[in-house]
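Listed next: structures, encoded as structure tokens.
First chain A sits with chain B, and in the next complex the same chain sits with chain C.
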Partner chain A sequence: MLDFHTLKNSIIERFPNLSDEYFREDGTRLWVKAVLPQEFITLFDFVVKELRFDNFHMTVGLDSGDYFEIIYLLSNAENQMLNLRQRTVSRDDTFAASVYPYFENALFHERELIDLFGIDVQGLPAGHRYPLPDKWPDDNYPLRKDWKTEFFDKKTLTYDHEAAAEAERLRLEEEARKKAAREAAIAAAKAKKAQQEKEAQANE
Partner chain B sequence: MNPLKKLIKWAQRKSPWIIHFNAGACNGCDIEVVDALTPRFDLERFGVLQKGSPRHADVLVCTGAVTMQTADRLKNIYDQMAEPKFVVAVGTCACSGGVFGDCYCVKGGIDAVIPVSAYIPGCAARPEAIIDGVVKLLSTLEDKKLQPKNPIVINSEKELADMLDEAEAAEENTETENFEENKAKEDNENA
Partner chain C sequence: MSKNLVIPIGPQHPSLKEPACFTITLEGEKVIEADIGIGYNHRGIEKSCESRNYYQALYIIERVCGICSHSHSTCYLSGVEKLAGVEIPRRAAFIRTIFGELERLHSHLLWLGVAGHEIGFDTLFMYTWRDRELVLDILAMLCGNRVNYGINTLGGVRRDLEPQHIDDIRRMCAKIEERNNYYVNLALSDATLAARLSGVGMLSKEDALKYGAVGPVLRASGVKSDTRRNDPYLIYPEIPFDVITYDSCDVFGRVVVRVLEINESIKIIRYCLDNMPDGDIIAKMPRKIPAGEVVSRYEAPRGEDVHFIKANGTDIPERVKVRAPSEANWHSMAHMLKGDYLADTPIIIAAIDPCYSCTDRAITLNNAAGSKRTDWEAIRKHGIEFYRNKGVDVSRILLPEKINY
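Showing the complex of A and B:
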């Protein structure tokens, strides 16, 4: 059984551009930071075929704001967990490579990523969509952070982009107002404290 | 009344056949429906049989909130059933949509798609409540109508709480009685 330190070093030896800060150990788990698809697929190949992490558990989709991430949970025969991450280039360029050639059970996980996050996973066999309804409109991805259920009309199946933008603008304004109020309160408290100290010094 | 209608009503009351459909439930209510049908609670003693085809069934027992994908299928199954037909919504989700009501792909309760004759709330609905709902539905058929006028609502939690209170009170009474009897016996022996 290899410890995580050896595993980490063997990965860094093979992929020199992954520095030490790409890794994090957490008990029985080794986390690797997100890499772009072209590099990810060679990394995945190396980890599965040579480091023998050949149990594929699940994928997790993640909306990181500027781009999307996919976390792959792998384990080996010694019960060690390895979390690999693949990231897309941006919110608009959502290409991601499929791990279906390595693990056939990834098929439904990746179909979910396509439907719920709108990640363009390439390399899957032809088939039905999963798991959203057949009539679901295109360009509506319910697990994205900027997609809100309250602006989706379930009867006409349309998303009210204008109302959503207006609500987002109001939310940002409210946030800015609250931040300004908090800063003003802190400044006032500081000024009061300074004055009290001054008075105390004067009394002395 | 038309003798044929009379015969149908008699047969329905004595042996209603049901079909169970999961419209998007978490399987909690499905387990309770199966529990109600199988020998522990034994709905079959009222002549209730579960059937595999909607064409053979009189009562459609639905569990779970209706999703967009199952709405068309539910309507299809309802249309395939022969008249007169009844729908029983089992569980809170089937009654109103429940916690899933605001979800992006959920249409709401069963009554968002098809008319419902009896509502059985509860998360999950108890087998006793399901039996109570079916029996009450059947007893309304004794009237001259083939469909109940208003939907039946089983307030299972309150009824159950009352039942438990009664049972507890009865138990306490018997305990005190036994205690008094024993004490009287002891006194007699001592004397």
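Showing the complex of A and C:
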């Protein structure tokens, strides 16, 4: 059984730009921070072929605001888990490399990333989409954080962008108003405290 | 000149119990290509969890599957509890384990019946489903529900086990064990069953690992892998039980593994009943879960269940991802179908035990004044009356005496 320290060092030796802070240990799981697609695929190759993490569990897509992340859960024969991450360049440039050449069972997981997150996973064989229906409209990616179920009409399969934008504007306004109110309250409290101190000094 | 024939099976098909589309390409009677189309049942559970708090998400997660509902909720909860840094009371861990194994019992008995039905052995189907009722009655007694038990909650379990429950569970275990020994004997000695299932749906050890098969499918290919041993949770580290494997790599092996696992489950339930500590059944949980990420694994009746949970410090999860065991087995199934006969397709599909939706049955808990309760006698009377009005008299048909098993 490899200990995580040796494992970490062997990865860092091969990929010098991954420093110690890229890793996080959690019991029998080792988490690695996200890297960009080009570097990811060489890291993945190294981990699967040389470190023998050859049991693939699943992928998890994450909407991290400015970009998307994909977590790959792998384990080895000793049941240690290594969780690698790939990230896209930005929210618009969503290219990601496929791990289908290594694990055929990643097919449905990666198709899911395409359908539900709109991540452009390259390297999958031709075939039908999964899991959304064929007539699902383009540019509607349900698991993105800015896609809200309440603005999608299930009957006509249309997304009400105007209502969504309006709701977002109202939400931001409300947030700004609350923030301003909070700041005003803090300022008032400070002023009151200063006043009290002044009065206390005057009394002395 | 031969021409290949393409047969679509599903998404709506008399022999399929759930919507999935298998496109089978045939050369003569042999399957040369199998394509699987799934996703007809996608309900957006992960998205709906992102807008609900951890308690509400628990009830949605429990409904991922009708049969392994306890597996999903326990897997989700062990993740959330780990993020919150809460350790559940020991008694609660025992109760969760008992429910997990009762679930495995009824799930395996259900599968055995389905497998029997698919190969035209309907007697086995009737027998095992009759026995499954014993387990479901125990579950209904313990928590009020036959499926979707609602026993789990954040920090522990919602209901305690009473001493009289323990006696009932022991009696049920003895009965199921006696019945199951008959099925074990049947599986290992019946010539017809062996002839029908041997060599069908072959999946070699290498292929099982390559395609990421899980659960009884993987173990029937000779791989000793069980999450209860590999990545133990609850009280499994201390429970003595065997991981059943069989190396025939075919559907026959999957039958043997499952019937033998029923006996192991009974062993585990007995261990839990013998060693159950006293004490609390629930620990206090914070409403807001600290930010973090966690992966939890659980051995469901169909194989390894994996949940990923990301918390953001509020009372609503940032992301919940579920990988149900059937999802991991689709790929190996497509491989198993190739090279076999078309007539073997139903049993090969059934052999991975794809998750069928199991409907709940209403049971009357309180017969308050005014509520109407219909028993079998009244239904039979109504039936006789109904046909008499149509001019047919069925009242002379004698019913067999009620059998108490």
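Here is the rule we use: the second predicted complex is superposed on the first by the 204 of 204 C-alpha atoms of A that agree within 3 Å, B and C clash if a C-alpha of one lies under 4 Å from a C-alpha of the other, contacts with A are read in each partner's own complex, and residues count from 1 in each chain.
Note that a contact is a pair of C-beta atoms (placed from the backbone, for glycine too) under 8 Å apart; a residue touches a chain by one contact, two chains touch by 3 or more.
Fair warning: this is a prediction, and the values are worked out from it, not measured in the lab.
Look at A:Ser98: by the touch rule set out above, it reaches neither chain B nor chain C.
Once the two complexes are overlaid on the shared chain, A:Phe152 sits against chain B while remaining clear of chain C. When both complexes are overlaid on chain A, the residue A:Pro142 reaches chain B and chain C alike. Put simply, more of the residues of chain A are touched by C, taking chain B and chain C as the two choices. Judged by the touch definition given at the top, the superposed model places A:Thr88 against neither chain B nor chain C.
Look at A:Asn76: by the touch rule set out above, it reaches neither chain B nor chain C. In the overlay built on the shared chain, the residue A:Asp134 is in contact with chain B alone; chain C does not reach it. Contacts of chain A with chain B, set against its contacts with chain C after fitting on chain A, overlap at residues 132-133, 142, 149.
Of all residues in chain A, only 26, 28-29, 31, 54-58, 60-63, 71, 73, 79, 81, 83, 103-105, 107-108, 127-133, 142-143, 149 touch chain C in the complex they form. Partner chain A is touched in their complex by these residues of chain C: 35, 37-39, 42, 44, 46-48, 51, 209-212, 230-231, 293-295, 304, 306, 308, 310, 319, 321, 323, 327-328, 330-332. The residues of chain B lying in touch with chain A in their complex are 67-69, 102-105, 107. Of all residues in chain A, those touching chain B in their complex are 132-136, 142, 149, 152, 154.
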